[in-house]
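Mind looking over this structure? Questions follow.
Letters A, B, C and D mark the chains as written, and numbering starts fresh at 1 in each.
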Amino acid sequence: MNLENKKLELDAFRSTRQDVLKQWPTGRDVDFEEAVSYQKRIPAGKRFNGKLAEAVEKGITLIQPRAGVALPQEHIRLLRYLETEGEADLLPTTIDSYTRHNRYEEAEKGIRESRTEGRSLLNGFPAVNHGVAICREVTESVSLPVQVRHGTPDARLLAEITIAGGFTSYEGGGISYNIPYSKNISLERTLLDWQYVDRLMGLYEEAGVSINREPFGPLTGTLVPPCISHSVAILESLLAAEQGVKNLTVGYGQCGNLLQDVAAIRSLKSLTREYLTRFGYGDVTVTTVFHQWMGGFPQDEAKAFGVISWGAAAATLAGATKVIVKTPHEALGVPTMEANAQGLRATKQVTAMLRDQRLQRTPELIGEMEMIAAETRCILDRTLELGEGDWAKGTVRAFQAGIIDIPFAPSRSNAGKALPARDNTGAIRFLDFGALPFDEDIMAFHRDKIEDRAKKEGRAASFQMVIDDVYAIGKGFLVGRPKQNG
Amino acid sequence: MNLENKKLELDAFRSTRQDVLKQWPTGRDVDFEEAVSYQKRIPAGKRFNGKLAEAVEKGITLIQPRAGVALPQEHIRLLRYLETEGEADLLPTTIDSYTRHNRYEEAEKGIRESRTEGRSLLNGFPAVNHGVAICREVTESVSLPVQVRHGTPDARLLAEITIAGGFTSYEGGGISYNIPYSKNISLERTLLDWQYVDRLMGLYEEAGVSINREPFGPLTGTLVPPCISHSVAILESLLAAEQGVKNLTVGYGQCGNLLQDVAAIRSLKSLTREYLTRFGYGDVTVTTVFHQWMGGFPQDEAKAFGVISWGAAAATLAGATKVIVKTPHEALGVPTMEANAQGLRATKQVTAMLRDQRLQRTPELIGEMEMIAAETRCILDRTLELGEGDWAKGTVRAFQAGIIDIPFAPSRSNAGKALPARDNTGAIRFLDFGALPFDEDIMAFHRDKIEDRAKKEGRAASFQMVIDDVYAIGKGFLVGRPKQNG
Amino acid sequence: MNEKTLILGVIGADVHAVGNRILEYAFRQAGFRVVNLGVMVQQEEYISAALETAADAILVSSLYGHGEMDCRGLRQKCEEAGLEGILMYVGGNLVVGKQEFHEVEMKFRAMGFDRVYPPGTAPDTAIEDLQRDLGVV
Amino acid sequence: MNEKTLILGVIGADVHAVGNRILEYAFRQAGFRVVNLGVMVQQEEYISAALETAADAILVSSLYGHGEMDCRGLRQKCEEAGLEGILMYVGGNLVVGKQEFHEVEMKFRAMGFDRVYPPGTAPDTAIEDLQRDLGVV
């Protein structure tokens, strides 16, 4: 492996491609030239980039669900329902977990069993097994743009098939679809594989077909401080841009503290633009996606509606371009299409009601944005240093050194030393910095915040505090206070 | 009728009382001395004043439903359910519409028919017909404080029976339960009748039993600008305080624009305190109640959850002492107890998650508060002038002159000339001032705001705009824009 | 003149005034002559207003849930007063609670209403029906 | 020493790591010896870890919905490997979608699990059950 942040040579790309398309029989139906002309026939209103640009212009926040089932006809029915009954603005196709791990045989088994049992035994749509033609059937049978949402470390074949299949946006990245989504896969490997994916999108772009790319913002979804997800989003943006990607949507998972959430979305956009421009990719379009709370949900549906609606409100007050919507079934299982549409409609009501409102810029908000920016710069600058000027190499070394450290990530490539906890207002701070490269001011800021909370709760800051915070929203709170403080 | 804002003489009160208690046979079971000693045995944790004070101290927002059915055992079951399954902090007993209009015979018929049909044919609990003993059974069978919520212009007998029946808070007022709730009843009449009610609470207070009083804030619930409801709340507070009431909760119905809603709750509290102190009632405790959107709701339950949750968020970010909760059935009919509990749980999730967050004070927020204060002072000062120093007389004359004018009120005592409409951010402004006594600055402010909206929508401001706003939340928006602007 | 006259009002002890005000506005815009009795209207008031103005239809609203009790006998009283076969609509939130609309409709049809409308019916729906039922374009 | 040994892991292609980390912490706090295999654990890994450490129980988590397919045959493989009658619990979000828990429980009991836990079960519940089933206080 010879990882560097450089646009892949066409020859190398082509030779890899031959192998990729052989990973599963459906690969042979991919024909790039034909796919380009197919993509060009997709009307503008059904393309991600167009729809996102329109939202930016109108100043509105679009809503998008997650959804995917094993069988094509059921999947089409599901998407149509979310379009008409859910009033979705953008559609997804969520890929099942076997496909995510390239276990196509198991996915095949899942498809078969789903057929016999008459219900989906897969937690998503196995797009690779279904192949290009069926993907086209899916994207053609709805009137909204459709995105591939997954969590696949090696997503090359999936990309080839789905983009040829008419999807106009592709989620993921070499970091964000590795560290939270796998255990043993090396970061070099996934960064290389995602260079392939991004180069593929770059080739489409060069052929006149703009595919939207979306690094996965929420990571583990569990108490991820903004500077961590921002660093990952910006790194993946830089890496994607180098491969020729021109349309990026950077993401962030809701924390629950309004000030921090708004500061996060706004700083995410400006920091991403800043780094892209600074490193020569000023022509890339950047939009934002806000994920409604991605951690553990309350089981009660009414309470889940409360969490969903508050996420919708924060997204809109922040001015995010789109919001990814949870459902009242979140804590229990993959939602029925009805539950999915309910989450969407609750969200639609709130985003539409608040469309003309934004959170005011206050000194506190600006302070929060500056803190996030300072933290993110510490991480990114050190990453570039470690990479000796190469963002890809830097990324690998930064993870090795714990310079980037994602809380609760299962991957062995992740240090797992940094520990987050909420402060007295529910904003997520660091209780343990691990090896994060922060300066003394930043560390003092976090220590004070955590100290204030510890004082208020009359206990020392410890892992128990982290656990309490992990459970808190599921139990109806934001900050996991000890009982007596209830 | 000789209305003046003066504490009722005990003799006069007592002689009126004899008549009041004769209005319906159950009146004879009221014995003030016995009721006082009964009330004194109610534990502190089950009293409104205590629970509200605790909320102020903890800085949390309590949640309270509306609920009432015809038959005692069903009503008890309903309240218990809202306590346990709804996680309510405070309980209500909503009174049916026949009782509200003192039509006890019809209420009796409603009780009988409800018995035969096995479902409630009344839209509330007919407390007068049921009498003191059954009210006590109700208040004793739950462990939370219970309030009477109604809409009764002449609520004297209802007050006598329910306070003797163990309720510790009483909603309403001579203005707020007349103008939005009746057509032909004179304002003098209801102000006099509510002097009686307030004097009764004053007598309990003097006997050592503190009963919480809550003027009804939302009025018609439909596009009521804050200065109108603030003026009414402050007038009723002054009138109640004169009769010896010491514990007041002033209310406001959500508009939907966060800045205006927060400004409204904060200015409501400070203005009420200011006027009470200025006029010699500095010892009265003032808390606030925020009503989730009181106008037309969306029929879809998921969308209704969105409206409910956004109301919960605004209440908490504003720092209201309590929030009155709507249900997912709002647009359709009196909710089942399950739907009622769902509205509560969604609200609980949001108020608890946001308990440590407040909207920051920005120049815009302060500006909004100052505007509300200026408008309210114009109205109140002119009212006092018209009353030649007497708030009660002033109130009557102010309504006659359209100095106070409640949008959409059915009462003939209301001018009905002023027209509200939303501005471009959804804040409620005046499109027509009627005879409201605003100075030129205030009027220019409103005109500009409405003009901005008209410009954005490419149409002239007219009654059509008001209609569009009335329907807007039900249709999923806050501002009722013409279709093409959607 | 071909103008049709409608009697409008919210029945019983019901004070919901907003929809009533909008209906009046919408019916006028649509070219009807509207006699709006406002809220808290008794059965007798509808009838005498209809007699006085030779009205073509009576439109009853009930929002607060007691509609079932308030509306009973209105048709009979109309007949007795000489308003045989006058067109009678009813709409709003007619019963207490969220109920299967079909049943509600049957109940009010049995009381003699020609058309029964579910919660949140738009004025336009009623205007179209009126035009059809009264034979105006 | 009376310490009981537990094998912990999230089965299949499942990467949900949060609950696993908390379970490890809670079981240790409760005095158990914990061998945590983390996420993405294959059936064989549970078995060899249990054999190596002479474990008293295997605790399987499955959150992502494929539990039904991933867990099949684990009991048989245990028996074959000589882990006859080893205590086996399973918990998490075991199937795809919100399903009647009783049926899910029956399904996993039929696969040979001694106890089956619904979504969101608190660690304390499992700790009490372990103490009872393993005869510790």
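Just so we're on the same page, a contact is a pair of C-beta atoms (placed from the backbone, for glycine too) under 8 Å apart; a residue touches a chain by one contact, two chains touch by 3 or more.
Source: prediction; values computed, not measured.
Any chain touching chain B that also touches chain C would appear here, but none does.
Fewest steps needed to get from chain B to chain D, stepping only to touching chains, is 2. Set against the Cα centre of chain D, the chain with the most distant centre is C. Between chain C and chain D, the centres computed from C-alpha atoms are 65 Å apart. A separation of 30 Å divides the Cα centre of chain A from that of chain D.
Chain A and chain B have CA centres that are 45 Å apart. Between chain A and chain C, the centres computed from C-alpha atoms are 54 Å apart.
Chain contacts: chain B has no residue touching two or more partner chains.
None of the residues of chain C touches two or more other chains.
In terms of which chains touch, the assembly is arranged as an unbranched chain of neighbours. Which chains touch which is summed up as A-B, A-D, B-C. Note for the complex: chain B touches chain A at residues 256-259, 298, 300-310, 312-313, 317, 341-350, 352-357, 360-362, 364-365, 424-426, 473, 476-479.
Taken in their complex, chain C has these residues touching chain B: 12-15, 17-18, 21-22, 25, 38-40, 64-66, 68-69, 93, 95-99, 119-120.
Put simply, chain A touches chain D in their complex at residues 97-98, 100-101, 103, 106, 109-110, 113, 119-123, 151, 180-184, 220, 222, 295-296, 299, 329, 331-336, 339, 408-410, 463, 467, 470, 474.
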